[in-house]
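Both of the next two complexes hold chain A, though its partner changes from chain B to chain C.
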Partner chain A sequence: MVSEPISDIDQLEAPGSGRIPLATPDIRPLLAWVLPPLIALLLLAVAIELWVRIGDVSIWVMPRPSGVLENFFADFGGYFSEGLKTLGVSLGGLAIGTAAATLLAAGVAHSHVLERAVLPIAIMVKVTPVVALIPLFIIWMGHGWNPKIAIAALITYFPVLINAIAGFRDVDPRMHDFFRSVDASTWEIFRHLRLPAAVPYLFASLKISVTLSLIGAVVAEFFLSGQGGLGAVIWIEQNNLRLEQVFAAVLMLTLIGVTLSTAVVVAERLLSWRLDQPVAAS
Partner chain B sequence: MTSIIDTPTSALPTSVRPTSAGPLVIKHPIEPEAEPAIRLQEVRLTYETKEGALLEAVDRTNLTIRAGEFTALVGPSGCGKTSLLRIIAGLTPASNGDVSIFGQTPKEAQRHKRLGLVFQEPALLAWRSVEDNVRLGLQLNPRETHSSTNVHELIEIVGLSGFERYRPAELSGGMQQRAALARALAIDPPLLLMDEPFAALDEITREQMRYELQRLWSVSHDPRDPPRSAVFVTHSVAEAVAIADRVLVMSPRPGRIIADIPITTPRPRRPEHEHSDRFVNDTAIVRSALRSPTTPAVPLDAA
Partner chain C sequence: MSQMPVSVRNPLLIVLTLAAALAVSLSIACSGDDSDEVLTMTYMAGFVAQANLPFVAVYVAEDQGFFADENLEVDIQHAGFTGAHKNLLLAGEVDITTLPASEMLQIRANSGAPYVAVMLFGQRGDFGYAVLNSSGIESPADFAGRDVGFKGIVQSEFHAMLAAHGLSTDDMNMIDVGFNPVVLVEQQVEVYPVFLSNEPDTLTRNLNQEITVFEAADYGVPTLGVVYLVSEEFLEDETNREKLERFLRATVRAFEFSVDDPAAAIESTARFLAEDPAPDLVHERFILDTEIENALNDLTRANGVGWFTQQQFRALTDVLLEYGALETDIDLEAALDRSFLEDVHQ
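And then the complex of A and B:
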């Protein structure tokens, strides 16, 4: 028996044709995203390295990138340990700031009186440079972790507050009518309608506040260097004019910032997948 | 000339008077003595504009809709049809007058889950599956959930079997509206209020849905409750005549009911009925009432 010649390339891929498709994951899209910034960073480092070496730039002005990396990996454990302290302050502040702002937003979304009472104060706190409050926080809370976490919380609450208010209020009025038509309680409306509707808004604000919390933590550590943290390392090492150590600490901060931002994006994608993606019929 | 709305049933001309043996009684036996599904007395709705001027949306309205009646509300855009429906649903308080739903205030009717609402857009929760959307009304205000509705059965009845786990965004407009209808019916309400539910659908789906609605109207209804009534707001005269036992025509703003037209086509109705003389005649009567907004009543005897 002579088999029919394959006239169409699609026949090769036809289901049930017996061909086992090659399961090679396509990493090209990932490379397309990752490679350009990596190459740009590498070129920048090489340019600085050349500038410092050829221009004989003093180590107190700009250290060699190769020296920074050498220092970073040589004392990776130390930077990582200090980074964990900064991360703790940052996440503590982020959690408290986000929780407080979300609760306040839930109240404001339900009450225009509360909105008129609270929002002006929230804006006043927002426009006040948080750094100016650090001495007060130290007087009130001592020299421990609390004032640092408080600063990180204070710096993160505002974007969450504004976005959460918008999210809690951005509900389909017809859906709200449906809830009212069955005499749903305020809690039921919040739990089943307002809170899920606010999820995209909350993630949008988290993307901003996660980096703000890191800024708050580092600034607070400048003032409260006793408990360590990358802010304290930067503060102490710049006083000693050890710029390689300063840059190595900044590099660790960058890695923490990228990790935190990526975690928010991944969490959002996971939740979006749960909310929006097709679910196979049972 | 007295409007037919204000006229006691017994005083209506024989040609339009609904009797127990008459053609108006199609889905459920209508008992004249039973508590009416809806009673509006001297209901008015006035808005205050941003400039401080008073805008009358609904003029003094008296209306009785009996249990088991399927009533369509037609009128030009902005005449107050939706406002009237919202007053009945207790979503917009009337400026004046009394509203009674099976002898209760609209708020009490909401509390006892006696109202089923369907909107122009399906208004489903995007993050919930079809099944969870249909179940929503049963989950809310659970102390008043007495419905023994089987959600899976209801989904099957509205033709969404196999789509229980799908999200609204994965369904067509017609399928979403079926899900919204199932959600409204899940609490087994004795009164179904629909605000142009098929307006956003294409013509073919729309025609299909109007006949399916008649089938779904009495689905899973507890026989111990009064027969289910419905108020159906629409722009389409053909839709109103095809579906309803009674068509109420509203005048342009300030809206008031200027004609009350019984539709005598027997049920179950099918698309072929739209070619019948009776359908054409009823449609012409409704159109004539819409064209003569100042006329308080249409030539009902001509029906």
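And then the complex of A and C:
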């Protein structure tokens, strides 16, 4: 069989390059993603309520979920407002951490020397407890949002880095050879072969990082509680021994986490659908 | 003829007499003196092991055998950085713990926690406000227009100290600085809140800074330090009351021992400190000396160490109420119980 000559490198497709095989725009309803965790959460709450009531568990150790819910809805505006602050820190950190890790991974994927130089440092930073770094970040970056965003970025970059390196390298060697044979530039190979191959890996890492970014934001807010955020609420209310408020803040955090995770899944499906369209259509 | 022994004349009487004597002996042996019975209790220090006086009193009491003298076995635990001691006390997992008086009042008022303070260590508060000598700040009045740090929450005593100088936090730039005195050295703030027994030593000895520390108490603001506290539920049990009295007797003795011989108290304390990294005993001594100094005043000299009055707590409560730290007033009759300390000092 004789192939048609390829006149435009931009028309190349990369079979086996890691696209999710979805032929149609199968965007499931948002509720299909939101309901299962909500039901699970509800069942967990019922179980805890029964445990606390039947087991006569001290309210100073575990508050009743019914009390938590009552408090949550009574001050929903307050928790939502603090949640937005945490969300801002989280998304800022996620964006910076993901962008930096992806760029670094792109370089590392092309160079084993760079990999050997960079990965030990990346691992060193990863294994350093963020709580030990926060006071230093405050000194280096001041007392505003920057150190909190930096912590959220720091805690998210590693999964993205490792997955992106794997993704950028997960290309069919025959396709790579073929691209070389048609004189494709490094950029063209990256754009048309490595980047599509990495997309599933990037989304897999984002599903982890998006919740990690929330943890980073909350931990940072413990240390800089004067600026608010759900971490500050949790810290202050725990100090006041108001556990219903603590858990209500955690509930808001959970909702934000579920929403962000759902957003990542929806974005993955949208992008996968787009990548699966025939080239001519795009 | 000599009289016959009673036993011979009336064996039944002898048996009954012996049985009665045995019964009485057994009865005495079983009921005994309460103080002979070994009691156990759990103490949880509200932080990591270090030479804070309320912790040292327990370490010394254990190490010097004062608890043993009271027939008391104390399980000594530490909350570390968790703050779990506050919950565990109320859950009955811990019998006695430590908290700053202002925090104890705040939690009792704001969340209804049935805490009861039974002994007071710091006759003045644990907080101060450090400035570099090179800053030109000579009194809190000079805080106006400066960058002033706070750790999460601006303390009521700070508001009160400013008010004593005709200022409020609106007159300065308040910055949440977290827990690192280096921000003062780096001059990211010009005023840095410090734990008196700890951070001034870090700033002067480790960071080679010449500093001045302002304390709210020096400007007429009522402040108090750390208390021993139990729960109301704990006090409902007679055995627990006995335990508590023994505990306080031993720790008051250890407190006085520490005042008389702080070097020996540090030696006892060292046995409870983490070994890795090696403890800085000079720093620990600074902590202990500072807290001993703050734990002694005319009141304690007149009544005994650990003494407190309802008036002291009333004054502190009023400040906390004025600056919004307490959401409601507090029944100090229920929150304070000095009766054990009175018995100990008798």
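Just so we're on the same page, the second predicted complex is superposed on the first by the 217 of 282 C-alpha atoms of A that agree within 3 Å, B and C clash if a C-alpha of one lies under 4 Å from a C-alpha of the other, contacts with A are read in each partner's own complex, and residues count from 1 in each chain.
The criterion applied here is as follows: a residue touches a chain if its C-beta (ideal position, glycine included) is under 8 Å from a C-beta of that chain, and two chains touch if they have at least 3 such contacts.
A quick note: this is a predicted structure, and the numbers were derived from the prediction, not measured.
**Q** Which holds for A:Pro196: it touches chain B only (first), chain C only (second), both, or neither?
**A** first
**Q** For A:Phe179, decide between first (touching chain B), second (touching chain C), both and neither.
**A** A:Phe179 sits against chain B, while chain C stays out of touch.
**Q** Could you say whether A:Glu188 touches chain B, chain C, both of them, or neither, answering first, second, both or neither?
**A** So A:Glu188 only meets chain B here.
**Q** Could you say whether A:Gln227 touches chain B, chain C, both of them, or neither, answering first, second, both or neither?
**A** So A:Gln227 only meets chain C here.
**Q** Touch test for A:Ile138: chain B only (first), chain C only (second), both, or neither?
**A** Once the two structures are laid over each other on A, A:Ile138 reaches chain C alone.
**Q** For a test of understanding, state which residues of chain A touch chain C in their complex under the given definition.
**A** Residues of chain A touching chain C: 58, 60-61, 134-135, 138-139, 142-143, 223-227, 232, 235-236, 238-243.
**Q** Touching chain A in the complex: which residues of chain B?
**A** 86, 89-91, 107, 110-111, 113, 115-117, 119, 121, 123, 125-127, 129, 136-137, 139-141, 144, 162-167, 169-170, 183, 187
**Q** In their shared complex, at which residues does chain A touch chain B?
**A** Those in contact with chain B are residues 172, 174-175, 177-185, 188, 192-193, 196, 275-276, 278-282.
**Q** Flag every residue of chain C that touches chain A in the complex, lowest number first.
**A** It is residues 83, 86-88, 90-92, 103, 106-107, 110-111, 113, 150, 152-153, 174-180, 182-183, 186, 188 of chain C that touch chain A.
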